[in-house]
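Below, each structure is written out as structure tokens.
First subunit A sits with subunit B, and in the next complex the same chain sits with subunit C.
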Partner chain A sequence: MLENMLPNLYLNWFFAALLVFSGIYCMLVSRNLLRLIIGVELLSKAAILALVACGQAMGNLGLAQSIAITMIVLEVVVVAVGLGLVVRAYRQTGSVDMWKFDRLKG
Partner chain B sequence: MNLHLFLLCLLLAFGLLSVMARSLLLAGISLAAASVSLTLVLFEMNAPWAGVFELSVCAGLITVLFVSTVSVVRREEQFIAENRLRFYSLPFFLAVFGMAFWLFAEPLTRALVPAVPPQVQINVGTTLWQLRWGDLLGQLCVFVAGALAINAFFRNKNNA
Partner chain C sequence: MVTSLPYFAFIAVPALAALACPFAARIKPRYADILANTALAVGLLTALSFIPEIAKPLTLQAWNMGTGLSVFNNDVFSLLMLITVYMVALCTAFYSIFHEMPDGRRGVWNALILVCAAAMCGVAAARDFFTLYVFVEVTAVASYALIAFEDRRESTEGALKYFFLTAPASTFIVLGVALLMLYTGGTSFGHLAQAMSSSGAGDSAVAIILGVMACGFMVKAGLVPFHGWTPDAYQSAPAPVSALLSGVVTKAAGVYALIRIALALRVIYPAHAANAVGQALMFFGALSIVIGALGAVYQRDFKRMLAFSSISQVGYIVLAAGAGTPLALAGALFHLFNHATFKTALFLNSAAVEKQTGTTDMRKLGGLEARMPWTALTSNIAILSTAGIPPLSGFWSKLIIIVALWKAGLQSYAAIAIFASVLTLAYFILMQSRVFFGKTPEHLAKVSEARAGMLLPPILLAAVMIAIGFYFPLLFSNLVEPAAKAFL
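Our next item is the complex of A and B:
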């Protein structure tokens, strides 16, 4: 069964790797804090895809789904806290450009 | 297989659009569309519970939060002078990375996935409520921590 599922697993991991690359690229080239959160979201989607694909190939989809659900919950909390920080920083500095955050006082 | 490939391409296309879009609102909507595509992929892979969570939380709740935040800070977006060429060159770099990764996909997969016989299928309910109930406690703790953090960000100065 595992041998039959491997081509599907390559394909899913290939697309997950492309999503990881897009997410990291987005986080590296942008100075906009909201785009950073978009990068984190893409990384998370890639991880969920890879996780469920692996669970399907190993014949343990129940465990993969339960971990994916846990990950989605963590993702929403991370994004909510991140967006809260962005709004707070915007109110403080009037910008979402991370280069403007070099005047922090202790 | 063809439907699966089509849905994966759709997921990647919306992911790319969310990175390359100039407007943050369009990027947020593309992200929601990518979530919907991932949901369809998960349904196609016989993982409906993960799909339902992805659809309701990522495509629903996170999109609402993101669009609300964009509506608060949208004016400022135009004043960040970013080099758009970097964003538009993403497909080129992605193609190079994809070709390089495809060469290593098979040996990498074989190295990472142990060649063990498939285990007995246990459904999500049994896994989540009986085998991994500690995860639920962890999720609850993360929720509480997130709520407290957001409360701390927007606390009134007089009440601090």
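Our next item is the complex of A and C:
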């Protein structure tokens, strides 16, 4: 069974790696806070895909799916708090530019 | 017969109190304070009452390989974590009674502190990497909100930096969990131990799994290559929150898991620590010690200097954990507890200084010893303890760590630890002379001592430091030695 699943696993991990790369790239190149949050989202989507792919390859899809659903719930909470921070940032600086936040250094 | 720690109560009581807090605050804002303090005090006393049962009869197991079915941890490490969490959270909640904020927000403030405490108890209870991740995320969410609690631009900046650095870190933790599941079919600590002891997964696979996870946890712990968020978040957070963050949040979210990973390595490679992950932990720990201490020397802000000092001290804990001998692990746990006491006291004192003088900029401070004698006294005790001056608690934990490193044949790391402890003294002497000693400048001539209630937590913590220092031989034979033996 594992042998049949393995090519699938490689493909899934390839896409997970692609998502990780896009997420990190997105976070590195953008100054817009909303795009940074989209980068975080892409990264967690990659993690969910990797979890489900591993669960499928192990023949333990139930565990993987329950973990993935728990993670989706958590991630929504995290992103909601992050968006709250972005709203506050917009109120305080009038823009969503990360580079406006340069007061703390040293 | 193993007494089980009532984790459900430890998690549920603060969580339910957090639910009740906003409603209590609606009746009267002070009820929220009373509720939070009561819940945390009861939790601390309960946790303390378990010391004789858990610690004495050597029931602690380092990794519980045989009992994979048991749901929660039952060792000294988890108990120590619970005590630390409740102690620091209680100090924070008690201190925030005197922290000025709009009355309408007291309920939310206390609820967030309680949620944070409950989640950190969950971290101590977890026997499963995914459960650990869930509670780490809950802790993180509560801390984002706490850092940005005051409507200031700096606070938003600190919280955003914390958010954007630690949210990807959680992703890496989950990727590590996924890999672990791929190799072992499960996510619990027991599965990891099985994978490592059987020949199913090779050493390199174990190293990759643990390496990916350790990267995530190192960001959360604020170790050096990943420390970008730490000073900003600590500096910009409301002062009691800085104490909570430095005292327990980084430890529960990062260091705890790193020590668990080190314990796993200890079971698998008992003879020596020559595995990649242990080496990496030691390297980054030593790097944090040195760069944190060097960074602290150049700081002009009181809280920012304390933040760099935190990075340096967390480095000690991780360095010892990476070394992985029983004595080093015991030293890591001991230093974890000690760091919580002295850094909480220092951050709360910095809050008192900020409240009475209106600034934490060390260029504008000076000569506060005459004006705020108790704050100065407790700060000095905490500073000396951090720097490792003999009778105080910090000396013993650093001594254990250095001796353990030396005995493990890691003389160069031991030398770094000794050298950096001199640096610690250097930056703390700078801080003392700038904030507390010297002539009082004119604009500070009318500063008065903080209120008695604000002084109480630092005084109690200073008493704990002195007591641990003097009763250390007793503590060593009853707690540290059994812990070290149990890790064998």
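Everything that follows uses one rule, which is that the second predicted complex is superposed on the first by the 102 of 106 C-alpha atoms of A that agree within 3 Å, B and C clash if a C-alpha of one lies under 4 Å from a C-alpha of the other, contacts with A are read in each partner's own complex, and residues count from 1 in each chain.
Just so we're on the same page, a contact is a pair of C-beta atoms (placed from the backbone, for glycine too) under 8 Å apart; a residue touches a chain by one contact, two chains touch by 3 or more.
It should be emphasised that the depicted structure is a prediction, and the values quoted were computed from it without experimental measurement.
Novice: For A:Phe21 in the superposed arrangement: first (subunit B), second (subunit C), both or neither?
Specialist: So A:Phe21 only meets subunit B here.
Novice: Between subunit B (first) and subunit C (second), which does A:Val40 come into contact with in this model arrangement: first, second, both, or neither?
Specialist: Only subunit C is touched by A:Val40; subunit B is not.
Novice: Figure out whether A:Leu11 sits in contact with subunit B (first) or subunit C (second), or with both, or with neither.
Specialist: In the superposition, A:Leu11 contacts subunit B only.
Novice: Of subunit B and subunit C, which one touches more residues of subunit A?
Specialist: Greater contact footprint in residues on subunit A: B.
Novice: Applying the document's definition of touch, where does A:Leu63 land relative to subunit B and subunit C: first, second, both, or neither?
Specialist: Touch partners of A:Leu63: subunit B and subunit C.
Novice: Have a look at where A:Val81 lands relative to subunit B and subunit C in the superposition and call it first, second, both or neither.
Specialist: Both partners, subunit B and subunit C.
Novice: In the superposed arrangement, which partner chain does A:Phe101 touch: subunit B (first), subunit C (second), both, or neither?
Specialist: Touch status of A:Phe101: second partner only.
Novice: Once the complexes are superposed, what residues of subunit A are shared between the subunit B interface and the subunit C interface?
Specialist: Comparing the two interfaces on subunit A, one with subunit B and one with subunit C, the shared residues are 9, 23, 39, 48, 53-55, 57-58, 60, 63-64, 67, 70, 74, 77-78, 81, 84-86, 88.
Novice: Okay, in this complex, where on subunit A does subunit B touch?
Specialist: Going by the criterion above, the answer is residues 1-2, 6, 8-15, 17-19, 21-23, 25-26, 29-32, 34-35, 37-39, 41-42, 45, 48-49, 52-70, 72-81, 83-88, 90, 94-97.
Novice: Which residues of subunit C touch subunit A in the complex?
Specialist: 130, 134, 137-138, 140-141, 144-145, 148, 151, 153-154, 156-161, 163-164, 167-168, 170-171, 174-175, 177-179, 181-182, 185-187, 231-232, 235-236, 298-301, 304
Novice: Which bits of subunit A are touching subunit C when the two form their complex?
Specialist: Its residues touching subunit C are 9, 16, 20, 23-24, 27, 33, 36, 39-40, 43-44, 46-48, 50-51, 53-55, 57-58, 60, 63-64, 67, 70-71, 74, 77-78, 81-82, 84-86, 88-89, 92-93, 98, 101, 103-104, 106.
Novice: What part of subunit B is in contact with subunit A in the complex they form?
Specialist: Per the touch definition, subunit B meets subunit A at residues 1, 4-5, 8, 11-12, 15-16, 18-19, 24, 27-28, 31, 34-35, 38, 41-42, 45-47, 49-50, 53-54, 57-58, 61-62, 65-66, 69-70, 72-73, 76-77, 79-80, 82-83, 86-87, 90, 93-94, 97-98, 101-102, 105-106, 108-110, 113, 115-119, 121-124, 126-128, 131-132, 135, 138-139, 142-143, 145-146, 149-150, 153-154.
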